[in-house]
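When the chains are written out, they are named A, B, C, D, E, F, G, H, I, J, K and L in that same order, and each has its own residue count from 1.
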Amino acid sequence: MAGHIYKTIDLVGTSEAGVSEAIQAAVDRASQTLKGLEWFEVGEIRGHIDNGRIAEYQVAVKVSFRVMSHDELQAEA
Amino acid sequence: MAGHIYKTIDLVGTSEAGVSEAIQAAVDRASQTLKGLEWFEVGEIRGHIDNGRIAEYQVAVKVSFRVMSHDELQAEA
Amino acid sequence: MAGHIYKTIDLVGTSEAGVSEAIQAAVDRASQTLKGLEWFEVGEIRGHIDNGRIAEYQVAVKVSFRVMSHDELQAEA
Amino acid sequence: MAGHIYKTIDLVGTSEAGVSEAIQAAVDRASQTLKGLEWFEVGEIRGHIDNGRIAEYQVAVKVSFRVMSHDELQAEA
Amino acid sequence: MAGHIYKTIDLVGTSEAGVSEAIQAAVDRASQTLKGLEWFEVGEIRGHIDNGRIAEYQVAVKVSFRVMSHDELQAEA
Amino acid sequence: MAGHIYKTIDLVGTSEAGVSEAIQAAVDRASQTLKGLEWFEVGEIRGHIDNGRIAEYQVAVKVSFRVMSHDELQAEA
Amino acid sequence: MAGHIYKTIDLVGTSEAGVSEAIQAAVDRASQTLKGLEWFEVGEIRGHIDNGRIAEYQVAVKVSFRVMSHDELQAEA
Amino acid sequence: MAGHIYKTIDLVGTSEAGVSEAIQAAVDRASQTLKGLEWFEVGEIRGHIDNGRIAEYQVAVKVSFRVMSHDELQAEA
Amino acid sequence: MAGHIYKTIDLVGTSEAGVSEAIQAAVDRASQTLKGLEWFEVGEIRGHIDNGRIAEYQVAVKVSFRVMSHDELQAEA
Amino acid sequence: MAGHIYKTIDLVGTSEAGVSEAIQAAVDRASQTLKGLEWFEVGEIRGHIDNGRIAEYQVAVKVSFRVMSHDELQAEA
Amino acid sequence: MAGHIYKTIDLVGTSEAGVSEAIQAAVDRASQTLKGLEWFEVGEIRGHIDNGRIAEYQVAVKVSFRVMSHDELQAEA
Amino acid sequence: MAGHIYKTIDLVGTSEAGVSEAIQAAVDRASQTLKGLEWFEVGEIRGHIDNGRIAEYQVAVKVSFRVMSHDELQAEA
């Protein structure tokens, strides 16, 4: 029997405050338009430097959320 | 001349039966809502343990399908 | 304060001409349906061989574009 | 405030039946001596060949379980 | 003193049944034409989708077998 | 002459505050039961999302500490 | 039932013209002595510099071709 | 026509406060002696533990800055 | 039927003599307190420099040893 | 006896024409200020998109050149 | 114009003496049956432990040698 | 408060004797022109084969040394 299915999308969150804040920005954004967010994974951490200072941290964040499985879709039909 | 274009989405399929079944669950789910699936690639293999037993295998699966190319979209317009 | 948010999608561009042309095909396609494309990253480079000759180069390309941030969405509401 | 802490150990499970069975063997073994197993991650998949046949699948499995956090240990003292 | 020497070849085994069966297909094939197979290592796991169903699992398998060492070759001469 | 020997254990620290706090939680926990901690290395950064918000950051941390070498053990015997 | 089996060989193609041309050189060479070439994958891209100019691009290319499966070999016997 | 050229240097920034602060320390240092810093990329995150506490976070940071291109150098000559 | 189970521990061996000697130091140490060591795998090779000279090579070594399987533990009970 | 020593620097070459041209731009630049360039290795391939079109390919290139060895420096003193 | 073509084979050299000796064993073996060896690359370093001591170092070595290019083969015909 | 800052440079050391000797050659060279070397990390291990024998081991070595921090530079001004 098949179980839950999750979909993962790739975002880049940015913040001038730090790494954790940039992650949070990405998750906040995802939660505006998606239901059922379950976990995130952090990828590349980069950033933009302007005039010798860190202008923004840019953190790649994979956000995963539950979608209805094949069986659930069938049951609904 | 440009050729076909494919789009790849990231799913996590789960199954209590095994790795291959979890992959299958992800592909089954993708085929419910997408046409033109062509291939998949397996990423991380993980799982949840409950009460000392494997409750579910969780397999990250990238599923790719054909989308209309720039030229095909132009020709249609 | 949170900054811009970007979304990244995975495409595979193909071309019979070469690697750069396959990248271009993927970006061209993305620009047909998405606004605000900012950068791309090249992943796996593969290809199909037919009758002893390269029939097409297949290049995985991640294309990133700006989406409205959580704050911008809030401000709009 | 700090949350839960998990410890991860590295096992190699083996089975003559297949990949999923080798993963299961590793988790079964861990559950004999450890409480609070929560998840596993699969690493390298290898195997031994004997007389031209697969004698055993050998799968590296990281098994994680909850340990008491620093705060919990302090509270207990 | 130098010891045994092994050679590793790269195969892709396929099966419509599952991941372990595709590995087995690769090892079975190698054992038809090579003596002294000792171990295998699994690489990329992919597959072909046809008409919304997994048509075949494709598993990259490195198969290693013993070859005569430099010293053994010398001794034979 | 052989030198010091170190052992490395794998922990996952969690915190609702951020990445650095999760690392700290793991190191704090290790220092409760182990002497001679010398360095740590950060692995995967993940997290749990609950109700659209980051419930906890989960950071894999390898913590290394000095153990007595073979020679030191011999000298003690 | 087992399906097709493929063998993969590692070549390094070189060209003074560019990356795509070096890939092509590798595939051209493989097609001189091997039947049934199906796909290639690009690995490391390097090159030699002579007198301040790129003397040649050197591209590692894995070329895969179909071999007869265990079952096909059995059927032929 | 060739465009801008960037040079990337590898630094390790350290801080007793956290990961983001260690990144900042590296960028601050680079901006003391280099003009035209544009972006950074974070590599390995490690740290030193002293007396059971994190004495410093050590973060590998690649810092990139613009250098004059071959054409610009030619034009200046 | 499940087969043998192995446990893998992470050590860092050090030596002022060279890479192989540092690996040996780690294995020697493991064999002081563990029975049934079977194989090792080398990870990161680093070292400490003192006064312009290599003071010690530091080699991460994973050492694996056999543990009793679930079935063997059951049989013993 | 020690042999030659090489130093490797990290550049990012850019071009609006393609991947090979961006590599060339980096090597051209290096050869303006460095003698004894011997080889290059290509890292990440990225690019900037402007108004839906590839504005520039950005290719990370490691360029290596010979430096005088310790022994040669000693001999010169 | 296409240049030289190289073929790479995968060997595992072993030695009871150390890492460099195991590499040498693999190269020695390759040179018995192949002409035109040009370079090698070291992969995974592992080993077998017997009775608490390193019985042999096992080093994966890719050995590359020149093969005649497509053009050279054509010219010969 | 910011701590020490380190800079890392990439060298390739070579030796006809072995891997450890090639590492040593790189560190020896670095110590001729740089003060405050602290640690090294080994990257790719390759080598050149001449006339069927290993002519030289080529080992990529990252060497790190302390540079004055931003605060120290400021204090000096």
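Rule of thumb we're sticking to: contacts are C-beta pairs under 8 Å (C-beta built on N, C-alpha and C of every residue); 3 or more make two chains touch, one makes a residue touch a chain.
What you are looking at is a predicted structure, and each value in this text was computed from that prediction instead of being measured.
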- Message: Counting contact pairs by residue number and requiring over half to coincide, which of C-G, J-L or E-G is equivalent to G-J?
- Response: C-G
- Identity of the chain that, by mean CA position, is farthest from chain F: G
- Using mean CA coordinates as chain centres, what's the chain I-chain K distance in Å? 26
- Between chain J and chain B, distance of the C-alpha-averaged centres to the nearest whole Å: 38
- Whole-Å separation of chain centres (CA-atom averages), chain B against chain C: 18
- Message: How many angstrom lie between the centres of chain A and chain J, each centre taken as the mean Cα position?
- Response: 35
- Which residues does chain B have that touch at least 2 chains other than itself? 9-10, 17-20, 24, 28, 31
- Can you list every touching chain pair? A-B, A-C, A-F, A-H, B-C, B-D, B-E, C-G, C-J, D-E, D-F, D-I, E-G, E-K, F-H, F-I, G-J, G-K, H-J, H-L, I-K, I-L, J-L, K-L
- Message: Per the contact definition, I'd like the list of chain G residues that touch chain K in the complex.
- Response: 9-17, 21-22, 24-26, 28-29, 31-32, 56, 60
- Which residues, counting only chain D, touch chain E once they are in their complex? 17-20, 44-49, 52-54, 57
- Note on the structure: Interface with chain I, chain L side, in the complex: residues 18-20, 23-24, 27-28, 31, 37-42, 63
- Message: Help me check something: in the complex, which residues belonging to chain E touch chain K?
- Response: 1-10, 62, 64, 67-70, 73
